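Note that the chains are named A, B and C in the order they appear, and that numbering of residues resets to 1 at the start of each chain.
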Amino acid sequence: MRIISADSAAALLDEQFNARFLVASASVMVEPPYREPSSVLAEPIFREVDSGFEVIVHEAELCVSLLDKMRADVVHLDMSLRGVSIEDLSPVELANLRTSKVGRQNILKILPRLRKIAGEIKRVHGIDMLAIGKESVPVRIAELTAGSEAILFACKKVVDDGQPVMLGLPMMCQPKVHENRVYLCSLISAEHDVRSFAVDADESLRKVKLTETLNPCARGFRALKIEPTR
Amino acid sequence: MRIISADSAAALLDEQFNARFLVASASVMVEPPYREPSSVLAEPIFREVDSGFEVIVHEAELCVSLLDKMRADVVHLDMSLRGVSIEDLSPVELANLRTSKVGRQNILKILPRLRKIAGEIKRVHGIDMLAIGKESVPVRIAELTAGSEAILFACKKVVDDGQPVMLGLPMMCQPKVHENRVYLCSLISAEHDVRSFAVDADESLRKVKLTETLNPCARGFRALKIEPTR
Amino acid sequence: MRIISADSAAALLDEQFNARFLVASASVMVEPPYREPSSVLAEPIFREVDSGFEVIVHEAELCVSLLDKMRADVVHLDMSLRGVSIEDLSPVELANLRTSKVGRQNILKILPRLRKIAGEIKRVHGIDMLAIGKESVPVRIAELTAGSEAILFACKKVVDDGQPVMLGLPMMCQPKVHENRVYLCSLISAEHDVRSFAVDADESLRKVKLTETLNPCARGFRALKIEPTR
């Protein structure tokens, strides 16, 4: 199966390690054996964390952009609704799925737009867009991809602004810089061979100092202090 | 403690990575330090996945077969009911344990047969059969054992049928072939030294090609594509 | 941030691997990158496991003792109440937090004493004591510290009594002896670089034999058999 997926990841943190601004979104193409992306579209977003579910609409649009370039068998969206097809997800069916009240209300706000995108994907490409979320390996790979791109976007911001930032990374992963690439490797059990990377075309990595730290207030999360090196 | 346990594992998958046929059952003897089995009884079952709880009765019978050959202190069954003794598990007590409605109904169907087996074990061997499930290391070792035996049963089927199969492996483990053994090593945190293996007496491994892949629709699960090498 | 935290850990087990006596409490100072303690206060407690929540009051007092010696920015207590400040935690607010009925009753018993300690910390040092529990890396480091100290306290007891003990270790960690130190390294995903250690000033380690085993009835937990070497 050729699977297209998308996610948003990494957040600028304040001094108390609270997430403030979501940094990047990415869509990915993932093929067997489903360990890394084979194609990537990424964008800086620097959007307030509280804007929440709105970002999923943008992720769906990024999937469409990738789908316009290459063939896929299915689209995996980062919504955990047991893998139902978004096109079939009426407000009535949503009420039957076990979701929290707040979660359901947030989904209802974006559902018309998501269903329109899903209908378009079905009509043009003949494939489904599934709300599979946490169960999907391609969604995890999209998260690691958005995270590695976010590191470069944040480095560029640090170089431009001359101010250090603390970047909160996706859950359970660790960054590794190798030449002009920044890898983000999963640390989740049984994901030891799952990773993604971003290419530093702007050579921002050379102009900053990276220091990894654990997030003391959120077990499983790491952060990267990014400082300018004048 | 000398602990006998049993479990069933690995499933033939369809093209969408859905589990169709459960492949193998195994009972094991596990002794300190509880990392590998010291004795094994395994059987191919190739049973429809939906037959569900029925398979537990067969697992209990496999425990009895192993118990007829060697002494043990307790039997661990793959049912997660807080470690209660099956013999003491009346329908009334079952109602007091927190189980889902569907789960309770499935257990009620097999409970008379399980209690009969538990009574027999108590009478003949003087030991308890516990519904400990997820909390038991020997149950995990039985799962890895059934999984490694399932790989060989599936290889044999591929050699006999001349058709490839996709075999879904137990949760969070990875296969390793070494000489005429196929190991299944746990990838769960703090189980890095827990594993089992099956011996390829029929030399089926030489007649197939194995390709490992992640299951893209079920995080934590891996699958093995097994193809004949003519 | 400089964070002080405390926890209690490790238990003497009976023959069926049931926890009987909690062995040690420790408070720790943890600083960036939050992987190990920079200062430690530890005490043997050998208290009945069922005494439960009482031990948290003692842990808060150990935090105060450490705070009397060095400056910190916040105190993390091993109570999982979403990080609320203990000082602000009235019985009314506690009722609004999602806790089990039994949990709430246990907390209510110790809440007056905890709030008194929190008020004292605020008055004298100007910092908060948070009920952050499971989300806190410093709480995990305090747990590993108490566990490594408990190994030495248990070794000393074995040398004194001439009787072997089985010591149940904290969740998902593994002991390593190096020279006169016993390390306890986390085995939790994404905590591969988190650990603590205790220094064997009494040279008890030389007078015992340590054998590691998995706890067969509690997945993720390991135990240490400690025997005297006459």
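Please note the rule applied: a residue touches a chain if its C-beta (ideal position, glycine included) is under 8 Å from a C-beta of that chain, and two chains touch if they have at least 3 such contacts.
These figures come from a predicted structure and were not determined experimentally.
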Magnitude of the superposing rotation for chain A and chain B (Cα, nearest 5°): 120
Same or different residue numbers at the chain B/chain C copy interface, by half rule: different
Length of the line joining the C-alpha centres of chain B and chain C, rounded to whole Å: 36
In chain B, residues with contacts to at least two other chains: 188-189
List of chain B residues in touch with chain C within their complex: 1, 3, 30, 32-35, 76, 83, 132, 134-138, 140, 188-192, 194
Complex contact set, residues of chain C against chain B: 16, 171-174, 187-189, 211-222
